[in-house]
Amino acid sequence: MEGAVFVKGLAAQFLLVGMFGAIVWATIRRARGARHLPRIRRIPGLEAVEEAVGRATEMGRPVHMTYGLGDIDDAPTFAFWGMLGHVARLCARYETRLIQTNNNYLVMAINEEVIRQAYAESGRPDRYQPEDIRFLSPWQFGYASAVLGLFQRERPAANIMIGTFLAESLIFAEAGHAVGAVQIAGTANTSQLPFFMAACDFCLLGEEIYAASAYLSRDPVLTGSVVGQDLAKIFIFGLIIIGTVVENLWPRNWFWDLLSR
Amino acid sequence: MKNRWIYVLLVLAIILPLARPLGLPVNPTRETEDLFRMVEGLPAGSVVYLAMDFDAGAIPEILPQAEAVFTHALLKDLKVILHGLSDQGVLIARDSLHPIAWSLGKAYGTDFINLGFKPGGGIVLRGMTADLWKTMGGVDIDGTQLAKFPLMQRLKRLDRSTVALIVDFNSGGSAMAYRNYVSEPTGIPLALGSCAVNFNVQMPFYRSGQYKAILNGLRGAAEYERLLGRPGKATSAMDAQSTSHALIIGLIVLGNVAYLLGGRRTDKPKR
Amino acid sequence: MAREIPATITVLAVLVVVFSRYFAVGAALDLTRVTDRWLMLTYAASVFVGVINLTRLHLDRLRRGKDTRSYDLVLLFVMYGYMALGFAQTNAGVTFRWVYNAVLVPLDSTMYSLLAFYIASASFRAFRVRSFEAALMMVAAALVMIGSVPLGDALSPAFPAARAWLMRVAQTAGFRGIQIGAGLGGLATAFRIFLGIERAHLRA
């Protein structure tokens, strides 16, 4: 019967995604009325952001931020925006220059707004410098070489890299190391995590980047959504364990049929 | 040790074996054999879709893979579609793969075609599964009308009945787009030609059967050349990879000896 | 309004995509074909945003007489010159292709090749045996590296076998854990955007 309602083979997926969403939504609703903020475990990479900006201020050198090769519809780019607003507010408060480099025109347009708004919220709209939000190149290695040059000229004291990274990750990280920058990196691209682990001071692993905006803003609703995300994850991992056991004991059985609907 | 000395040693480790090859044999792995067997098993006239989703930087690793698979497909009298989600990949194909086809006596538009590049990533792929001609604007890489090519007459969209195999030669995230937007909805088998650095990311999907085969960087190309019996660029470059890997392992050991002898003075707290 | 309009468009777009993907009626209507076309047009048009930004930045620097003037001039000349060449010849033009093959391809390859040097220096620095875990990582890395090249095959069949096990079993298990976690994190972010809670990008 469900074939008439759902596209064949996607009913179970729709229901699973729906249940995941329902759990996140329920915890958000609960967090709205709650008095106590749910606690997120300590994430050293996020705690180090303020210290890194402070160090740049003391040294009189800029902070550099990039989202790598992320596009406007990539989830890590949204994580980057959460972090960008926070860093821009810190830079405005400490009167430190923020250089933000881009290889995607659409993302850059939003970055300009995020940074402009952060400076305005911090009461320092005069310190907003549009020329420090730079479009460098849409080509991966054109962008990488431009960032290399920029690091040599501007010598940032902090380099924050959150987003989607490919082969250029190590180029950025080694260039940052060469100029003595404190480096905080985070990505969901598993292939680049080893490079960031090897070359950066702090590394956010996979999903940790998605907790950034909640962690940094201490917003109860956002924090509630992270708790919901973890509960939903426990639910999904439970399903994975059941699926593994059932599939190994009775291959292609009812559980398989259920998830294939 | 100063970085510049490491760099000098690395340059020597790469250049010397290129000048004087060691001739070490390359044994094919299961991931490469799977692709070779798939191409070998296709009946003549089947359409193979080669996605040229890599940039110029990845030429040394990926182009030898594409050349080997393209040559194999044409030798088997398969029809080949070249396309790219990277603007550079299709231009590289035109300069490197088209001449291979000419040398094998194959005709453009009948035995192979290059559809060029369209921006938009996964959206383009989704469009191609619905209406290939419309998505490509009705023209090939040089702006020639698709209606003029015999090969395109039976290719109105990407689906299981028209395309027998997709091989995505990629240096980035396009494999996921092919998996989500083409292979899973249509059932067309998907194999990859991958940079060595991305091989680990793609391996779990090979293990789950979502990718039918993976060529692993330059080694994958050399293995394919060996299976094909036509040693080429990749085979001759593998010795340089052997010596450079050996050098890096040596440096790691040396670094640890210095670190331990130096009383771990240079240790930087890991946070 | 500056926040409400984009948030409303987001919700509508999500509903269209979900309706078209999961529901038989939606799939038949194929509304995403329209939204896909809008997105493709937006991508194509957005190229000009980048060109305008680069032009504005470098003209401004030229006007201010910064010491990077010659670089600014080179950049503007190359950008507009190559664009004009492309319009005049299309990408099949002899000069257009020559510039591409003789300049862009080697430059791009050079940048990628730099990675080899960075990997050498980073691994020299990073693989120090600070702890048991670091030692384990170093041994695994060495086995994968030697097992990946013909030298490993020549030394002993144990090296490629160890590499194959590490890649197919050990790293695949670890990767799946991180990737499923990251995927679900991404899904939760999508829900936050849909529910209008994640608003970092709507600061206008």
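We call the chains A, B and C, going by the order they appear; numbering starts again at 1 in every chain.
Just so it is clear, contacts are C-beta pairs under 8 Å (C-beta built on N, C-alpha and C of every residue); 3 or more make two chains touch, one makes a residue touch a chain.
Computed from a predicted structure; not experimentally measured.
Novice: Using only alpha carbons, which chain's centroid is the nearest to the whole structure's centroid?
Specialist: If we average C-alpha coordinates per chain, C lands closest to the whole-structure average.
Novice: Could you find the chain whose CA centre sits the greatest distance from that of chain C?
Specialist: When every chain centre is compared against chain C, the largest gap points to B.
Novice: Please compute the C-alpha centroid of chain A, do the same for chain B, then give the distance between them in whole Å.
Specialist: Once rounded, the distance between the two centres reads 29 Å.
Novice: In whole angstrom, how far does the Cα centroid of chain A sit from the Cα centroid of chain C?
Specialist: 14
Novice: Which positions in chain C are in touch with at least two other chains?
Specialist: 43, 107-108, 111-112, 119, 121, 123, 125, 127, 175, 179
Novice: By residue number and range, which residues of chain A touch two or more other chains?
Specialist: Residue numbers touching two or more other chains: 139, 141, 167, 190.
Novice: For chain B, which residues are shared contacts with two or more other chains?
Specialist: In chain B, residues 55-57, 200-201 touch at least two other chains, as defined above.
Novice: Within the complex, which stretch of chain B touches chain A?
Specialist: Touching chain A: residues 55-57, 121, 171-173, 195, 197-198, 200-201, 271 of chain B.
Novice: Write out the stretch or stretches of chain C touching chain A in their complex.
Specialist: 18, 21-24, 27, 42-43, 46-47, 49-50, 53-54, 57, 60-61, 107-108, 111-112, 114-115, 118-119, 121-123, 125-127, 175, 178-182, 184-195, 197-198, 200-201, 203-204
Novice: Flag every residue of chain C that touches chain B in the complex, lowest number first.
Specialist: 30, 32-33, 36, 39-40, 43-44, 90-92, 97, 100-101, 104-109, 111-113, 116-117, 119-121, 123-125, 127-130, 138, 141-142, 145-146, 148-154, 160, 164, 167-168, 171-172, 175-176, 179
Novice: For chain B, which residues count as touching chain C in their complex?
Specialist: Its residues touching chain C are 1, 3, 6-7, 10, 14, 24-27, 29-30, 55-60, 88, 91-92, 95, 118-120, 123-124, 126-127, 130, 141-143, 196, 199-201, 203-204, 207, 216, 219, 238-239, 241-249, 251-252, 254-256, 259-260, 264, 267, 270.
Novice: Under the touch definition given earlier, write down the residues of chain A that touch chain C in their complex.
Specialist: Residues in contact with chain C: 3-7, 10-11, 13-14, 17, 20-21, 24-25, 28, 75-76, 78-79, 81-82, 84-85, 105-106, 108-110, 113-114, 116-118, 131, 134-135, 138-139, 141-142, 144-145, 167, 170-171, 173-174, 188, 190, 193, 195, 197-199, 205-207, 209-211, 213, 221-222, 225-226, 228-229, 232-233, 236-237, 240.
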